[in-house]
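In the two complexes that follow, chain A is the common piece, with chain B as its partner first and chain C second.
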Partner chain A sequence: MSQPGRNILVVRDVCKSFPGVKALDRVSIQVPSGVVYGIVGENGAGKSTLMKILSGVYEKDSGTIEFDGKVIERTTPIQALRRGLSIIYQEFNLVNTMSVGENIYLGRFREMGGMRGVHKKARALLDSIGSRISTYAKVGDLSASEMQIVEITKALSFDSRLIIMDEPSSSLTSEELKRLGKIINQLRDKGISTIYISHKLDEIFEYCDIVTVMRDGCVIDSRPVSEMSRSEMIEKMVGRTIDNEYPPRMHCVGGPLLEIKNLTTRKLHDVSFTLNRGEILGFVGLVGAGRTEIVRAIYGADKVRSHTLHLQGKQTRVRNPKEAMVAGMGLLPEDRKREGLILPFSVEANITMASLDRLTRHGIIDRSKEKEIGERQIKNLNIKTPSAQTRTHSLSGGNQQKCIVGRWLELDPQILILDEPTRGIDVGAKYEIYTLMNRIVEAGGSIIMISSELPEVLNMSNRVLTICEGRVTGEFNPETASAAEIMSRAIG
Partner chain B sequence: MRNENKLLRFINQNLVLLGIIVLVTVTAVIQPKFLMTRNLTNILRQMTSLAFVALGMTFVIIGGFIDLSVVGMVSLVSVITASLINPIGQVGALLCGLLAGALLGYLNGTILTKFGATIQAEVLFITYGMSSVFIAVGLLVTNAETLRIARSTRPYDMFTAIGSGSFLGIPISILIFAVILAIMYFFQTRTLAGRSISLMGGNKTAAYLCGFNINRTMQMVYTINGLMSAFGSIVLMSRVTTATATLGTGYEANAILCVVVGGTTLAGGKGNVLRTLLGVFLITLLSNCMNLLGLSTYMQTVMNGAVLVTAIWLDNRKRL
Partner chain C sequence: MSMTSVLNKVWKSLSRQKAVLAILALVTLMLFFDTNFFTPYNWLDMLRSTSIIEIIGFGVTVVVICGACDLSVGGTMSIGGILAIMLVNANYPFWLAFLAGILSGALVGLVNGFLVVHQKTEPFIITLGMGMLLKGVAQQLTNASPLSSRNMEFMKISNQQFFGIPSLVVYMAVLLVAFFCLLRFTGYGRNCYAIGGNYEVAKNSGINVIRTKWIAFVISGSTAALAGVLLASRMNTGSSIYGDTTGMLVNCGIVIGGTSFAGGIGGIYESFIGLFVIQLISNSMGMLGIGGYSQQLIRGIIIVLIIGMDCYARKRKREAV
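This part shows the complex of A and B:
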């Protein structure tokens, strides 16, 4: 066991290059035992690369890594695990069809003395962090936060002394986040260190003892959290001063544009609301409350039992995305990698894919116009990409998101639906997305925005609807209502 | 260092072409007969029917699916065409054959979309099942007998021309293929319909949310494959001058082999019909070489399997 005060992990001058980019430039950090160590930085700052080197997915070019006093030359993910270093990725590594206990001890059933031992030991571990999840429950039936607890328990089962959590909160509601915070505190009490990577600065301030700011592959600063202010941290991350996290709110709301009445599906009950011209309408609710289902139903992507949709006072039928697009809608889906982008395709192809219809004469695509559109949106949105032909999977999250925004801007939609537009993207890119939203409403468009980040919705929207269990439970003016008031309605 | 990388990249990107060159050189040295015009023309003739089927299969695989029913389609189309020659004449029979192929493909696409087959395993088994149905229908129609296409006699001379005729020294079947290939290449690279196939293969959900009709695209892909299989069937039938209800045996595996060797990824989205042609070249050359070198049929099967596995391995390595 490591003593408190000792460094569990020492990284010295680690460098790593990929063809064309220096991903890590002489990075050094020291993680003491029993602390929560925050790492912040914009996408592309090198956080993930560093974690992948620690866990053995990548090999470092130079520098030294000491774990628990021993120099580690090269490692593989399973060796790292056995040494006591676990990593919990944003996308969980769990087998949905197997039970909680089986997942925790996956591949080690024999060592545990068969299934009975597996469940017994898993139970003990879960108890030790105060979780009451049944070890026999199927992982696929668990909520996101419960899955995360399973991941943490799995890490504990390897006697991990350092647990790296990569964006642990991205799929959690604020309630679940509190529970995660409790567990992290318990880990600290046991002398287990946590590296907490997050874009959400609130969480860094709440949970972390020490924080390292990274930018462009370098460590900019490492300090106790108590010695760094929020604005200082943002400044260091982006390398410039951001006076405000949000641009000023737009006030260009006009008359009603879209009226939805009695929208009912398998998950939604009698949802009615109006979207006005030039308005940003925010949807607030827990994950799974039905926010995404509402916008998908309006967009024609899901089956609807009954509803009426009036667009500019005229009843309109939207039975599939094509008809939604014809009616002037655009959708930026929740999961940009699975539903938004075609990752192996070029930036240009991803931008133009919704407007190909307009570029086609007699069935033939006008390639030069297509190029024009790609270039135009890359410039318009300031998408950082080596070229229009670069595949989108090599872009950072923010730039990927901008490709999808550009796709819709090209169509000049009246109604743009943004489902978690800033999930997993960095502060600088977030600000750019906000500015874009303002540009859209200024030009007369309307936006429906779904976000799990309450401050974001409150600062960007003209009006907020709370959604709970498939119903609209409240309507607020975010300039006058308090966050607590809104949240209490969203929880139901 | 940089030059070395460039060379490696060039080799990596043109592996198939290099493979063809190596194969030609080695075989020509060991067996000079290989380079005789007659052998080369022969190879081209053998290649055409497979090339047609592989061409259609390229679209299916770019679209993110697979079609094992080409065996059944090639077989059934040959039976339909051959048995229609006497009643309605050869031109009518040819057109009916092509139409039948397209319809069989459309039937595949419709069944897949209607039954909501979304995962590869379902598509695999449904098309496999359809193949058995097509073969069985052919057996019922022909009573499991072989239909002969008499050479050069009046109602059959068009098929003889397709099977063994030449124009300016180039086999007619190759000329037909070149025209269709050019059309399909244009279709794939320049038209909206062609693009919609690769978008669907790249990410079905994203394409759907951008207004593409996935069901219709799927039906189109399978219809194209049916039509191409029909072309392949007619060329094959003309060359071997017989039509049977099992004529297409082995074509599904070989077509997929050619597509993958050509560099179209089984993951969908990316691919190119011209590259498939290189794949067809390589595979046909390989089998010709092995014949000339006197390898047994069993050994040849082993080789084909090894090539397929290697191609998939190389493709996966490229994707990392």
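This part shows the complex of A and C:
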């Protein structure tokens, strides 16, 4: 075990270039043993590149890396792991069809003395961080936070002395986040260092001892968290002063537009609510509370047991997304890579996907019209892309999100459903999404917004509904209600 | 621009599709032997021989782009031909027999599509089973012996020439252009790519995923039956043994061309090249006098090599940064 105070990781003047971009420019950081080290920065700041160099996915161009006192020239992910450095990516590296124990010791069954040894050792490790997950449970049946615990346990099974967590909270609810915080504290007590990469500044302030701010491939500042203020940190991240994280709230609420009554599915119980014209309605609740299920049911993407839907006072049937679209709804799904975008399609093709019917004459696509629409939305939404023909998988998260928004805006929807619209998006792009939302309601549209970031919902919405275990448990005016009050209803 | 950079560019665009590379390699190889390989007659003959599986392949490509596959086309082809011959022998006009043959394929596609799209069965298994079922039907219909027609007009469909070009080659060319346009320029084609690329996204974007995919199966069944009728006309025979290996061969040729079984990637041109490679291999080996058993072995090696190299290149590209 390394002594406290010693540096487990020293990175000096590391540079890395990709064709056309300098991803890292003389980056230096020092991570002492037994600390939680936060790294913040906008998307494209170089955080992920740095992590991938550390884990051996990429090779550095120049500079030195010392891990545990030894200079590391080149490494592979598995070597890094055996040396004691693990990375937990945003998307988990777990085999969903195998058990927890098998996942933790994947590929090392023999070393562990067969399956019995695997489960015994896995049990001991899970106990050591106070988790009660069964080692025989199938990983696919676990919640996101439990999967994360399995990932952490897997890292511990390699005797890791440095665990890098890339956006660990993006799929967690606030309750689960607290549990993660506890585990991170336990790791610190054991002398294990954690590098915590996050967009969410609250978490950095809560968990981290030291924080490094990166921007455009450079380290802007490294300091103990206690010596940096929130506004200072944001300023350093974006390189400009953001007076406010949120644009001013819109007030253009009109009469009722959409009325849902007695919506019941396997997971939802008797959900009723009204959405007004020009309103931003926020849904607050834990992940798994049924927020996504409600909007998917309204949108016709999931099967519904019973419900009545009134649109502008008229009873309307929405049995599938096509009918929802015709009724004037658009959905920005939670998982934009899996449910929102066709990654191998171009920006343009992704934008025109839903409006293709209007672009075809006798079944033939009108290319010039398609180009026009693509260009218009790219300009309108300020999508940063080399060209309209660029495939969307090379765009950043914020720009991908804008492509989906563009797809719906082209249809001029009355109701836009945004499910976690700013997840994994950097601060600057978030602000753009917020102003975009305001523009939509100003133009007379209505928005249902789901978000796990409470401040975001509270600052953007005109009205907030709390959802818990498939039921609507409360309705609040975010201008007068306190966050604690709302959260207590959401937890149930 | 220097000579090397031009060559580099040419090489890059060629090596992107390994099937093109294979064609070049085979053609180059044939330069060293004194055969009739390079005569116009041989090339027309190759095109004519390959036209049947090409036509089937065009239809199946639509299904594969939608993210499924269709292995029942061999059986469909066989049934289509037998049905057409039975009808002309029963003194129905040849055009009616022709249409009825195609309709039988559309019906098979309808059933395949229903099972895959609505019942969410695994297309590989269900169409494989359907192929077996159809072969059984064909055997019942013909008593497992070949059936020849007595109608000259029917025979003429595939055995005539237009301006010195065999009619089968002309039919293939027309369908090639038609399917190319279908996939490239129509909203339907774009929706097929969207469904294969990401089913959920396509659905959420209001695309009628069920109808689109279903139609793809109907298209695939119809082209397979059309090919069956053309083959029956060409051979003047309908038989239950036609199409025993066709299903596998066609799907294989499509993948050789570079259309991905995962869906969303590929096209008609790619399939044309991929299927042509198979014919080219057989033809050149025949010219060189290589025996049947060795041919089988060499064909297998080349196919595995092409697909392996293609997948390796794609993997490299995916992992590169």
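The rule is short, and it goes like this: the second predicted complex is superposed on the first by the 492 of 492 C-alpha atoms of A that agree within 3 Å, B and C clash if a C-alpha of one lies under 4 Å from a C-alpha of the other, contacts with A are read in each partner's own complex, and residues count from 1 in each chain.
Keep in mind that, in the parts below, a residue touches a chain if its C-beta (ideal position, glycine included) is under 8 Å from a C-beta of that chain, and two chains touch if they have at least 3 such contacts.
This is a predicted model, so every value here is computed, not measured.
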(message) Let's test your reading of the overlay: on chain A, do chain B and chain C clash or fit side by side?
(response) clash
(request) Identify the partner contact of A:Phe18: answer first if only chain B is touched, second if only chain C is, both if each is, neither if none is. (result) second
(request) Quick one: classify A:Tyr58 as touching chain B (first), chain C (second), both or neither. (result) second
(request) In the overlay, answer first, second, both or neither for which of chain B and chain C A:Pro333 touches. (result) both
(request) Answer with first, second, both or neither: which of chain B and chain C does A:Arg423 touch in the superposed model? (result) neither
(message) Touch test for A:Arg463: chain B only (first), chain C only (second), both, or neither?
(response) neither
(message) Considering only the contact definition stated at the top, list the common interface residues of chain A for chain B and chain C.
(response) 299, 301, 320-322, 324-325, 331, 333, 338-345, 349, 353-354, 356-357, 360, 363-365, 407
(request) Show which residues of chain C lie in contact with chain A when the two form their complex. (result) 185-188, 190-191, 193-194, 197-198, 200-208, 264-265, 321
(request) Could you pull out which chain B residues touch chain A in their complex? (result) 190-193, 195-196, 199, 202-203, 205-213, 269-270, 319
(message) Can you tell me which positions in chain A touch chain B when the two form their complex?
(response) 299, 301, 320-322, 324-325, 331, 333, 338-345, 349, 353-354, 356-357, 360, 363-365, 367, 407
(message) Which stretch or stretches of chain A touch chain C in the complex?
(response) 18, 58, 299, 301, 320-322, 324-326, 331, 333, 338-345, 349, 353-354, 356-357, 359-360, 363-365, 407
